[in-house]
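Below, chain A partners chain B and then partners chain C, in two separate complexes.
Take a look at the complex of A and B:
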């Protein structure tokens, strides 16, 4: 039989546990909110400050000079012009960087998957991990030494692309290897048992099977380099006009943001450019998440 | 009854075969056996006795792994398999794996025709349709999937997927079908379908099958091999082996003393 006092102590114990439970539950929710709050605040601020500048003109024109911007601001008008040179520059450099990093990264990833225990594979894996941690400004310096000094003899989109490609490479290598590792060995063996030559097994069975994984890696890699600024300062330099020649200096959205920051008359353009960049990065991230989800 | 290590006009003739994963340790140790045409031959034995290793030597799957060494000879229709290109050999031997493994990106139709498609052999549409229908009819899957041939193969049930994999192996018209515990991942109903299938397939093909399941070997095989620690202990007609095993180890295995 349970005495009355026992019953009471159990009740108080239970209610104490319940309060503790509620406390930790609340703490968890609070900390989660703190985690996502910065992102929400950033997006909110960017939209509020930047949306006013966004228009077709913003996408197809080059930036105004300081005087034009000043007079527009003084008159309380929208700053004329846009960031077309930055958009085309970013697209150019990201495309060239992808064209360099994707094939090399995927082939390296395949090599690591095929020869997991070889010395060279272990070395490659470690080096690619180290590469991922190299500060981007250092990669910019390296591209400056290699390309700016010796190949294009001056600041160039190519140099920018090389530094971005080196940044992107380790992500693609590792995501390729991890994706292929998830494919059951028996799928590969089944194709080989049909007498299919190895390169066709790779091209027509393994890569299609892991396609969404590879694509996710590539999109995340692109979203990673999209906003890089530091290495571009040393390589692409920036340009006030639209340039599609990879041997010439070129602008980029993050470079323009840096330039606008240095000009007190251009403040509004900082917000709108950042908004556009953020939107691109978010779009790539969400797309890659959707692809990864569909895979499961 | 003797060990039937040599027979007339065998499909496969295995002589003094050694396979090692580690240097000096043989997973298959000096195995010699001839495999009879148009029959079901079962390879039995406890785990790790080398039965899958023996099976995978026949289509030179071991060459995918650098550390595996193979010695000895295997003749397929009198020709040394180690002297022909691996690709040619593998087109003459269909393989079915433990777990159903249809190509996940391909439709049912494409899975059946995969041997042609992946090898870049171009066929007329009508010829392709014919091969797909015949192969799927051979594995009694046609009626179940004929209305959804362009759905992904991975949407089928496990048993259906395994029959699809057998159809994929048949489509090329191989000499020998190698099955590595093909029913171990399936439920009893699907298992019995596959077993019936193997009995009917031996009219046109030679079947070499690894099985963990003694009663399965007894039900469907004509000949049985019993392997133990890499050696071929006993090989003979299934009926004889199950009623009058010659070797003490075979008897102990069959009566469940180990396994």
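Take a look at the complex of A and C:
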């Protein structure tokens, strides 16, 4: 028989546990909101401080020299010029890096998918995973040692591209393998049963079927390397003019942000440049998500 | 049939490139750091001196190893409650809801913000705020760098934990609910224990990220080549030292920087291998 006081103590225990549950629930929501607060604050800051500088001129002209910027600021005017050298430099290096990393990454991904149990494939998969965790600054050192010192004999867009390509490669390998794994084996077997040569099965069946998955991986990879600054400091160095020669130093949007940050006269340009960079990254992220969603 | 052999050969040899790259990277870093290790011996790792003045050159990695570990551990401690809450939100409490979708893409977006933009925000927004709160050294130091790093690694810790938490079998949770457990009791007594290794692996990988971050840290840590002696002390990390000093480096100093790059390469390699190993053991 349960006495009255037992009943009461159970009731109070239950309500204590309920209160505790509510407390943790509230705490979790509160901390989750704090987690995403920086995103909102950062984007807000970029838009508020940067939108005023954005114009057509900002996209097609090169930056002013420090003195011009200083006199414009002193006169209370908008700083003239833009970041065209950074935009072209980023496009150049990202293109060259993609041209190197995408074919190698996709072929390696196919190899891993075709040989899931082989020792060499396992080793390649592990090494690729470890490579993905190598800090970007170390990749900058590597590209310096390989390209700047031995190939272009000086800072160059090629060196920057190599460091970005090494960064992108493991991401493409991984996304290719994951995408191919999701394609039903029966599709591949049907093609092979028709006597289609293996390379045609790859080019005409596997790659087209997994195309949107591969594209998602590539776009995400590009969005990752787009904002990289550290390896470029050691390789591409920067340039005040538009340069499309890959054996010469070249600028990039993040490199320009770094230069503006270090020059008190140009500092007003950091927000607009960051806003543009962020918009590019966001655009790639959203596009890749849309492609991934449509696939489903 | 012959073409099949060629295709397989091509695939195999192309995938060999990754192994060559990794081997070549290790080789080049070792080769580049030989002069520094020959000059200072293994003492390079434990020496606290960093003096680039020619004639009395003396390089040691200890302040930067210490700075790297302190900022990264700090980042891990700060990000732990945040990313754990976010992964419970996404993987358990509000899984599949519209709110979770919004929160999830915001967390993903954190991973997309470039390091240099974090640095700018830390410099122009976070640092003045911390000065206001009484943080010394103009707001520069390991504490400020740790906060920014914490924000930067949140998505890496969150995404893996969320995945693992949402994979906890429903039967386990239902069994606990049927015994009268509350939601938070289920979270702490059922979900966390059964998702433990995945959550830990996520934090290890996030820690690996923090070790190698460069730009944001460079802009906030104060770049003092000393062993940090407190929470608000200035300091320097391995990655930010390389970025800072590389421009004017040559000879022995360049070799010392490469040696620090090698140490960073090895440390992050070990940390990542640990994380991957735990994930593999779970499958």
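Following the convention adopted for this analysis, the second predicted complex is superposed on the first by the 266 of 296 C-alpha atoms of A that agree within 3 Å, B and C clash if a C-alpha of one lies under 4 Å from a C-alpha of the other, contacts with A are read in each partner's own complex, and residues count from 1 in each chain.
Assume a residue touches a chain if its C-beta (ideal position, glycine included) is under 8 Å from a C-beta of that chain, and two chains touch if they have at least 3 such contacts.
This is a predicted model, so every value here is computed, not measured.
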Quick check on the chain A-based superposition: chain B and chain C, clash or fit? fit
In this superposition, the partner of chain A with more touched residues, chain B or chain C, is C
Considering only touches as defined above, state whether A:154 meets chain B (first), chain C (second), both or neither. neither
Answer with first, second, both or neither: which of chain B and chain C does A:197 touch in the superposed model? both
Once the structures are superposed on A, label A:209 by its partner contacts, choosing first (chain B), second (chain C), both or neither. first
Who does A:46 touch here: chain B (first), chain C (second), both, or neither? second
Counting only touches as set out at the top, which of chain B and chain C does A:264 meet: first, second, both, neither? neither
Just chain B (first), just chain C (second), both, or neither: which does A:26 touch? neither
Look at A:187 in the shared chain and tell me whether it touches chain B only, chain C only, both, or neither; answer first, second, both or neither. first
Give one of first, second, both or neither to describe whether A:116 is in contact with chain B, with chain C, with both, or with none. neither
After fitting on chain A: smallest Cα gap, chain B-chain C, Å: 7
If you lay the two complexes on top of each other, which residues of chain A touch chain B in one and chain C in the other? 197
Residues of chain A defined as touching chain B within the complex: 184, 186-187, 189-197, 200-201, 204-205, 208-209, 211
Residues on chain B engaged by chain A in the complex (per definition of touch): 59, 61, 64, 86-91, 93-95, 97-99, 101, 103-105, 114-115, 117-120, 165, 168-169, 172
Residues on chain A engaged by chain C in the complex (per definition of touch): 17-18, 20-21, 23-25, 27-32, 34-36, 38-42, 45-46, 103-104, 107-108, 110-112, 114, 120-121, 123-124, 126-138, 140-142, 145-146, 166, 169-170, 173, 197-199, 202, 223-224, 226-230, 233-234, 254, 257-258, 261, 270-271, 274, 277-278, 281-282, 285, 289
Can you list the chain C residues touching chain A in their complex? 3-4, 6-8, 10-12, 14-19, 21-22, 24-25, 28-29, 32, 81-86, 88-89, 93, 103, 105-110, 112-121, 123-125, 151, 154, 158, 182-185, 187, 205, 208-209, 211-215, 219, 239, 242-243, 246-247, 257-258, 261, 264-265, 268-269, 271-273, 276
